[in-house]
Each structure stands twice: as structure tokens, then as C-alpha cells.
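I'd like to ask some things about the structure below.
Chain nomenclature is as follows: A, B, C and D, assigned in order of appearance, with residue numbering initiated at 1 for each chain independently.
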């Protein structure tokens, strides 16, 4: 495959470019009999949508998704679910320059050398716009996981540029445009973004996502460990340069006596593991962090070359996110949900009839800290 | 699949447990006509082997690999290459306790809840011993990539526990048991390890790997980006908790004006990207870092539960690595090589006949820094 | 996967039901740089279209395909090609009875027991209408194979019910609604069909397809032999009950001295093999035959049970093909083209750089028979 | 993949050549907790073994299989099961001629043009010997299906060359070297074979296989229909040129009023469908027939060319089966079992929680004919 399909059993195959007629996805492997309507998908699509605050791209897209198949009288049938989102705001007339230019930090140079040509309109296939069908597809997975296992997903920004954002409470997340679990830091973030925009520059972000009540036993050794597939999905999001599970890079300086999470009959004491042991989920919260690089579309000039190899100066004009990380939270949640969904189906394929005397212990001991 | 196969076109399917009769792999998709003998595989196997210094597990394994198929008169035939490594040092008699116990930080609990039973001998399937066939398989990929493109791989330890290890020179790496690119720091590392062993504790490590002269144009948008597949492979290595490409988590606090690597006719100026743009290789060095957690097999006591859910104290006896990261460098190199090999074949499948006027620019400008 | 994707490298993922809002496909893995427009796809879609003669279903469908992605300024970009066909003639109001009934020979019973529910409108997902996106996708493969290798596809009906149809000439095929390579037999076929329709019954058909100038060396031992993948694709067409390659079931009664095709410097003498040896293409014509069962939608009454297990009598009303085989020729060609395309890419992935002294010999010796 | 893996969830990856040191397979995806020992695999291996009658190749092979992994204390663990069979009778010294020759009807020509080189010893990778690991792997699937669903497999020869073999009773099958369900025809078959051998010629065979009590609901529309995957598996067996499901090619001349199997509360009346509707299993017996071509290794001379394109005469010497079909029955059973196993896992992945009021009806009505 050419990389446009995610998953083995619950598969999402996307198509489309930023400024083509439409984008969409085929979601295959959804269990039959689940209620599903377009409204179920629209919630997360709206959370991801551009144009919702002054800090994100002002592109106007309704992002209305149409379900083309796989649902009959409001229930999934087990047939593939076709999803279609028409592009409405295309403005593709003025891409001429971009086609002659390799913008530093952009996919231009790589696409050119791979394919020999590329669709320059809004980034074409490499645009973050292509996360929209993924978010829609993941809403199906989220719904099924919630109904089957009570699994819940949430994410938040824990760092914007140099500013670390302490976790206060989940309830703050949806109340600000940054997905910060911290309503006190918002003015500081607003000021930071405004200055960045004025300077014609951009910054990165650190996003964290969690899955609570994910089933125990998901993940396939050796190579398709749950955390390995999470890393694959996360690193596949535009602009991501790093992925951590649990203690992540902090575990390098930890001692074994500190890192290993102790087990008690009333639950796990800590969660350095981030929800997996040996690549298999333990029932603890899945804890994932990603690093998002500063967007390369900036107004400050950068040196590059053109299609003939001649030196040029590149400077971005027009609408652009100074921090693509601001909209990345629902996307990272979506990726996590898709991986868990796929592995839930894989697990019941192979281990569907395993019976056990010892039930899983709680994810956290009473009183244990959890973000 | 149950996760024991890596790759789409150049596939490695492994089998075996730490203390079973044998471990091995089937390597499928190797192009025909390449010279290959067991000696080609033994080099990296020997670099990964336990028992080579006092800082690593003293298990005695010859790790002699036998090629069972796919080679005729010294050349690969295009048929699958069967690899077999007999386990010689098995000591499996005394696993009784382990079978009743969920060791904190180990795969025991997760395997038990997934499969309902597990092979406790030396960690069974979850043992790091299973990286041996992967290293052997990757030696095939490395050889092909070297012959076709001049691709070279190297890796080194950049942090051991709290000690950061500055990069001095590639030539130092193979001259010490830590794979440190720095011969000055060795006494300090030795002391650190000796104290750790005395304290019955363990520590983590940070490993970096590089691929130089990897082909341009590798990686498949949307989901199977080269960096996404690298993250998948790396996070699949035992004990890995984090993966970075290029600037990694440092990119969060970078500005766009700093992060985007400028292009000149005589090469790239910097390599924050770590060798990929839009998930496709640019010809720059592929730069990957991984975080390895401290091993959970320690002599200090930890609390846990047994198979009946009763509280117990766990304390490891016998041979164990106080830092599994010490032997991880050849494994991380192997994973990187396997991903690049797979994508080299995927790329020539889809884009094999692309012709371009503009040749790729050099990976680095003359005089630019490169570790 | 849930079976809605065909191919490993050139993949076609379809979605849609007979009477939903739309059907379509995502075609992934198409090499970049090929000219492509909707007109290229419409030719085969029109050959497959219902309502083109009195012998096929009178459903009115324009079957106009829209390319949603993967093409920029008239060239494929290497990105997935989204294809959309809106359903215009839906008449879905009166499916109530069907939902309560398991029609003999139909997918109803099997879908019910698999999924617990089904979309009954026009057969839902199991309708032959779903071959339309496959035919459109295959037109892309056909074009690429023609441009790269000069590969040509054709198919014809060689038996309608009890009537065998001797092969006269390829030029006759498109000049009659039966795809018969024989213009003399048409009146007989017309009479046969008229009588069948009057009797409220249906009949089967035997369809043959050929690929000429397919590349040598396609097919992957052991399991994904070219003929194995052809058999998979063909048996996946609605109503197909048998597949033959070359001499097929006739080879059972052949002697080895007769069956083995002799090789001469000026070409192969015969083609009992049907174009493959050891599952790998030889450059001979690929010769495939399929058996299509009589459609189960007939006006004669049949016994069955309803959803409660009660006995009922089933009798089809309304428009239906008395022989679905009549429209099957372009579908079988499409399937053959998709398999060859996929293997062409697979072959250049693994064996792309094989160089040989001996060029392939011609497919047929001068003067040898060929249908 | 390069085609050496069968299945999506229950996968068999084989390696090895006819005269290399060993052949084997990795079986991945086996559910945990099933008792398994080498004795379970040996039964079918012995049924397939050469040298068991004067009508089959006299190669002496013990075909003793060793389980290398995936089993602990007699139970499967969910880890991949490594299977190894050492080649003992190798006689590889005298292959020189074969390497210079393209034997008509053999894989030589195709392998040469695909790979540029080949292992000529005993046919190398294209030898029927490679069915041994497949048969061993399938014994695992058979055992699991029998324990879970009571599924049973049997096969028989229904035609040897020109001689049709009427089905008398299943009990006859294992009592003769032909797997004929007919003990009366054996003398006739013996004579036929003796004459063939004297004439230095070979013949084909028709083999039928059945699965009884296969689960209902297996098979994935659109492309991975159960019958499509069966066709793929069967056509992948050496020398197979045709596959039929149920009425097969006979359905071409059937009327719809005859073909469609009627349903009654006490069972299906007939089984023209061969156990699938819409590509999904109905609980009826799965009925499959395959055509096996006459082996190309004959003592009668045939014309061909050598590696330089020069004309030569080819004549086989030494041990060879005059009818490879004689040993094909256990292989065809094995393939059928592997496909059903894979789909059983796929089905419980997607549809594992479907609950139904109406239970499946019996496979056959009381008194209905069944072979």
C-alpha cells in the first residue's frame, strides 16, 4: 500500500488534497449494529475546525461530513463506511510561485524528488487539512469503544513554545482555544501568540493525550505492540517530531527502583509505564505525549532553492497557523482512538475466548495522582 | 497478523522464546542476486551479544545463525531466507516463582490478562533475546542498502542514567562496551554502572542512530511516513518509551525561523528535520533518538500481587543487565535499516520510473556540523 | 481488513450499496505522472452499464464517475485517487418484504447470520452494482499497463446456458450485447434469452478473459502466485462458481506429453499453461475462464423461510437480469487488469534491477493458434 | 510481501527449498490455550508423505516436524509457532543440466526471467515439497476448528486422468493410496498408473475437498469472500489449473430454477452453492473441486531451449510422480482449513458480538444427499 490506510482490522483509507473538490475516507471493519449518524462525527470535526479563534488559520471550511454507505436505518451494517467532505474554500489560483519553490521545512522538496511532480495548492496531500477525515473516522471508533468498554479520550496542550502549561483540571480543556487543562495560563498564551504573529514567526507545542478505561490485553508482540502502533500513528500526524509513552524521555534518568509501577489489589500505584507493559495494555490510562514543530509557513524570510537549483528567498504570505499544535489535540485523540479500536478487534480475533480467574486491578489506587 | 512481522515488502517474521529450543526469523522480499553468507549476519549479532563486558548480562549464548533457505551458491534467490539460532544456555528449571508473580514493570501482568497463560522462562516471548533474529535480518537489509545506495548506519549512546555523553567522534563507538562516541567519558560510565550494580538498581539510557546516504524519496503519505514507520519500529524495541526524529522534543521550544532547514545548491544548512520532510526522506542524515527505561529486573524489593491477587514482594535474583540500553545500539540500528529497506522497495514499486532534472542536493553544506 | 480492499500495492478500496447515496473507490498506489481524466474511466463503465440492451436489467444509471483526488493538471500525482459515482435510480421504497425473507441463492441468509442485520435495498452491499467502481479503478490500471508494456485486455462469452459459442474473432466482441466473439450465433442467443425471460427463469454463462503482452516475471511464490491471485479476484465477482487458468479442468484428462507447452527460440508452441508457470507469468497470453451461475432473482416460485424460520414462497418481481453473465465480461477484464497491475508493482519492488542475457521469447510461435 | 505468507490473522509464512538444509513455517495468530504437540501435526504430514506407495515419488523423507516455539507445557501461548522439518534425502549433486535448461511445463523459465537465477535442486522453491510445512500448519488450524466448532475436513480423488471415480463412501478414502472414496475402482486405477509409468508419461487428477460444520458467517465482502480466498489458496497449490465451488462449471448450463438451493426449517434441500452465498458461509458443507495438471516431469522427450536460447530436447530421469494429484488430497484439505481458520478469526474480530434470534438451519434436510 501507498500509506493511505491506517489499521489492520479497523481500517481508515483517506483520499483528497487541500484544495481539490473533496476529501474523505473509507472506514472498513466497523462492527455491525451500532447506531451512527453524521451528528456523531460532527462533534470532533467541529473541535478540529479552522477559523474558530484568532490563533488558528482563518480558512473558512464548514467541514460538513456526509456518510455515503455502511449505515442502514441508523445502524452500521458491517459494510465500509464512506465519508465525504467537500472543500468549499479553495482559493487555488495563486500557487504558481510555490510550484517553482522548495519552501524550507515543507514537504515540497521531498514530494518533488519522490513523485516528480506535486499538487501545490494549499500543500496538496501534505496539508493538515487531511486530518479532517481521520478525525471523522475516529469518532466512529470512539463511539464503539465508549459503548463497549466505557473508554474515554481526552487531550490537552502541556507546552506552547517556551511556556509550560501545568495540568489543573480536565474541565478546563474545552473552555479555551488552546486545549489547555489550565484556565489561568490563557492570558499568557494569548499574549505569546499575538507577539509571535506580529514577529511573523511560529512556535511548537507539546500535546498530551489520554485514553481511560481502554481494554486490558491490547497490543501484539513483537512488532505491533500497542505503544509501537501508537507511536506510528502519532508520528504520522503533520509536524510531529517526537512521541513519548508514559514517563517517556524522563525514564532515561530514572532508576529502576523508581520507574517500575507497583501493583496492589486495589490498583496500580503509579503510571510511569503509560498504560502498557511489554507493549500490551494493562488497563492503566494510556498516556501519550507528542512534540509538534513550529510551522514552516512564516513571514520571516528563509533561504532556499528553486526547481532549477537557483538560490531564492522564501517568505510566506496569507493565512497560516503560527502554531499548528493549537489544533492538534483532537487529531492526536483521534489517532489514539483508531489504534485502540484496531487492537480491540485484533485482540478479540486471537484471544476472544480467554477466560481468567483474576480480573484486572483498577487503573489507579484510591488517592493516586492522575492527570 | 499477530504482530510478529515487520515490514510490508521486506518482511521479517520472527519466532521463538528466550528459553525454547530455538529462535529465528523468515526474511521475505530480499531482492535476488546479492551475495550473502552467514558471516555477513554474524558481525552485528556479535555486536549485540550478551556476555561481552561485565556491564551486560552474563548469559552465555553463541548466537550462531544458520541460513536455512533463500541462498543458492552464495547468492540470494528471491526466496524467503530462513534464519535459525539455537538457544544453548537455557537454565529454565527455576521459573516456578515467576509464573505465580506479576513482576512490576515487566510484561507478566499484561501477557497473563491477554493470553491467559505465558511462558515464564527468561521472559518467554517478551525477552530482549528476541532482538537477535531481528539484528540478523537487518544485516541483510544493511548489506543491500550499502551496495545499492552506499547507505551506512551507526548509533551511539548519548546518555546513561543522569550522565549526558557528548558526541566526540564516530571512531570511538566500537572501542568501548557502551557504544559511546566519546572515549573520555568511559571511566565515569564504568564507575556509574559499578555503583548501580552494587545498589541492586538499574538505569535508563538514550540511544541515537543515524542513517547516512539513505535514498531520497522514501516514505509514504499519509500514514506510513518514513518517520512514522521508524517510530513504530523503535517503540517496538523492548523498554523503549520515547522516540524523536531530528530536533524531536526540542522543536517544541524552537521558533519557525530557527527550525526550518535552509536549502542551498551545495547542500542543506542544518538538520532539525532529521532527514524527512512531510514524512519523506530528503537525503539528509536520518537522525533518530530513543529513550530506554531502566530495566525492571532489580535486586531492590518492589510490591506486587500474585496470580491470586495477594500482595507479594518481588526481588530479582541472578544475571541481569542493570542497563538494557547498553546493548540497544545495534538493535536500534537494525530497526532503522529494516524500515529504510522496506521503504526503498515500496518506493521503487510506485515511483520506480520517475525521472528528474534536478538531482538531490548534498545532505550537508561543506563545513556544516553533523554528528 | 474486512475484505473491501483488493491488492497489496495497487489497492482498490470500495464502498457503497446498491441504493445508498453513492458508491465509489479509493485507488492507492498509482504511479505518478500518468495522464488521467474521467473520460479514461468512462469507457469501461459504459461497457458495464445496465440498460444497454433488452437482455440486461433496465435500471437506469448514468454511472458518471467523478475523480475527487490524486490528479493535478491532468496527471496522477501518486496520491490516492478518490472515485465517486452517485446513485440516481434508487427506488428503495418497497424492500419491506425482502427484509423478512431469505431469498434462495441470494446473500440474504448469509448476511443475516454474519451481521445480524442487512441493507435490503437492491441487494445492498452484495449487489453487482458494486462492480462499477472496480471497473473504473481498473481502467486506471489498464491505461498504465498499456503505456508501460503494451498490455491489452479482452474478454468474451464462450457459453450461454447450454449454448457453446465458438470463438471466431476478437472484432465481433463489441458488436453485440453478449460480448460474443462470434456474430453468427447472436440470433440464437437472442431467442434463447427471450424464451428464458418468458419462462421467468435464468441461466448461467461462461466468460473468458485474456491479457496479451503482460510483463514476464509477475507472480509471487508460494501463495500469491499470479494465477492464485487471479483466481481470488475472479471468484470474488458476484455469481462466479469456478475459475480456470489455461487448459483448466481439461488438464485433468490430458497426458503430460500433451499438456507441457514446448519452447522454441521463436516462441511457445502452445498455451495449455494459460500464461503462467510455477505461478509466474511467462509472457504468454494469460487465459482465464470463469463460470457464472444463473441469477437467483427469478419469477418462478422457490421455497424458503422467513426471519422467524417460517416457510414461505419466494418469487422475484421487477427488473432483473436473466443472465448476469451478459454484463460480466468487462468486470472480469477489470479484475484481471487489477491483479496484473498489482503484481507489476510488486515485481519491480523486489526484482526491479534484475538484468538478463536471454530476452523472453515471443508469446506464440509464428502460425500458432491463439484465441 | 513476496507471497510466502498465507492469511491475514492466522498466518503461515513458509521458507525452504526442496534440497536445502531445511524447510519450515512460522504460524502466527493461533489462539492461546490449545493443547498442541508434534504428534498433532505428524498425522497429516504422514498422509502427505512421499514414498508411501509405488505410485508416488520414492524420495525418502521422514518429514519429522519440530515445534520450535509458541507452546509451553503442552499449550499454545499465542506466540508464533515455529515449525522445522529437516531435509534428509537431498541428492543435489546432479542438477547441472537442469540449471542450463528450461523444462517445458516447469517453473524454470518463469523463475529465470523473474529472478535472474534459481535454485535448481529438486525444483528449489517451486517444489511440491514445500507443501509439507503448510500441511503441518494446517493441522493446527484443523485442531482448533474441530475443538471450537466440530468442523471436519475430508477430501478425495474424483477423477484420475480419463477415469471418473464415483463417490461411494467416506470410509474408503484412507484405505487406498489414491484417496478414492471408492474401493471398487482401485484395481483399475492401479493398472492405469502402471501403464502410464511404463509409457513414461503422466496424467492429471480432479480432487474434491469438503469442510463439514464450518461456522456460519465466514467470508468478507467484497473481495475477500470465503470462496474467493479458497480459490486463491487452492490455485496456489502446485499444478492446480482450476477451482470450483459447489456446482462450479456445471452451473453455467443450470437454470436458476434448478440452481438456487431451497431453505426449509429442517435444513437446506440441496447444495449447488457449495456452502457460500454472497461469499459468506451458510453452514452447508463447503464443497471445493480442483483440477491438477499432469506433471511435467516425464520420460518422453519434449522440445525446449537452453539458457542461451538454443534448441534442446528435455527428458526427465529419476524418481517422479506420474500423477502429483495422488498426494494432493491432504494438501487441498490443508488449504481449505487454513482459509476457514483465518476467516473464523476475522469474523469474530468484526462480528464477534452479533446476537441472533434465528439460529442457523441444518446443513442438509433429513434424507438429503451429501457426498
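Everything that follows uses one rule, which is that a residue touches a chain if its C-beta (ideal position, glycine included) is under 8 Å from a C-beta of that chain, and two chains touch if they have at least 3 such contacts.
Here the structure is a predicted model, which is why all the values come from computation and not from measurement.
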| item | value |
| --- | --- |
| Chain pair with more C-beta contacts, A-C versus A-B | A-B |
| Most widely separated chain from chain D, with each centre as the mean of CA atoms | A |
| Euclidean distance of C-alpha centroids - chain A vs chain B, Å | 25 |
| Gap in Å, rounded to a whole number, between the CA centres of chain D and chain A | 45 |
| Rounded Å distance, chain A centre to chain C centre (Cα mean) | 39 |
| Sequence positions of chain D contacting 2 or more other chains | 1-2, 4-5, 8-9, 14, 29, 32-33, 78-79, 114-116, 125, 221, 346, 350-351, 354 |
| Complex interface listing, chain B residues touching chain C | 8-9, 29-33, 78-79, 148, 221, 345-346, 348-354 |
| Of chain A, residues touching chain B in the complex | 1-6, 8, 14, 102, 104-116, 125-126, 130, 159, 161-162, 196, 201-206, 216-225, 227-236, 241-265, 269, 272-274, 276-283, 291-298, 300, 302-305, 307-311, 322, 346-347, 350-351, 354-358, 360-361 |
| For the chain B and chain D complex, residues of the former touching the latter | 1-2, 4-5, 8-9, 11, 13-17, 20-24, 26, 28-29, 32-33, 66, 68-70, 72, 75, 77-82, 84, 114-119, 121, 124-125 |
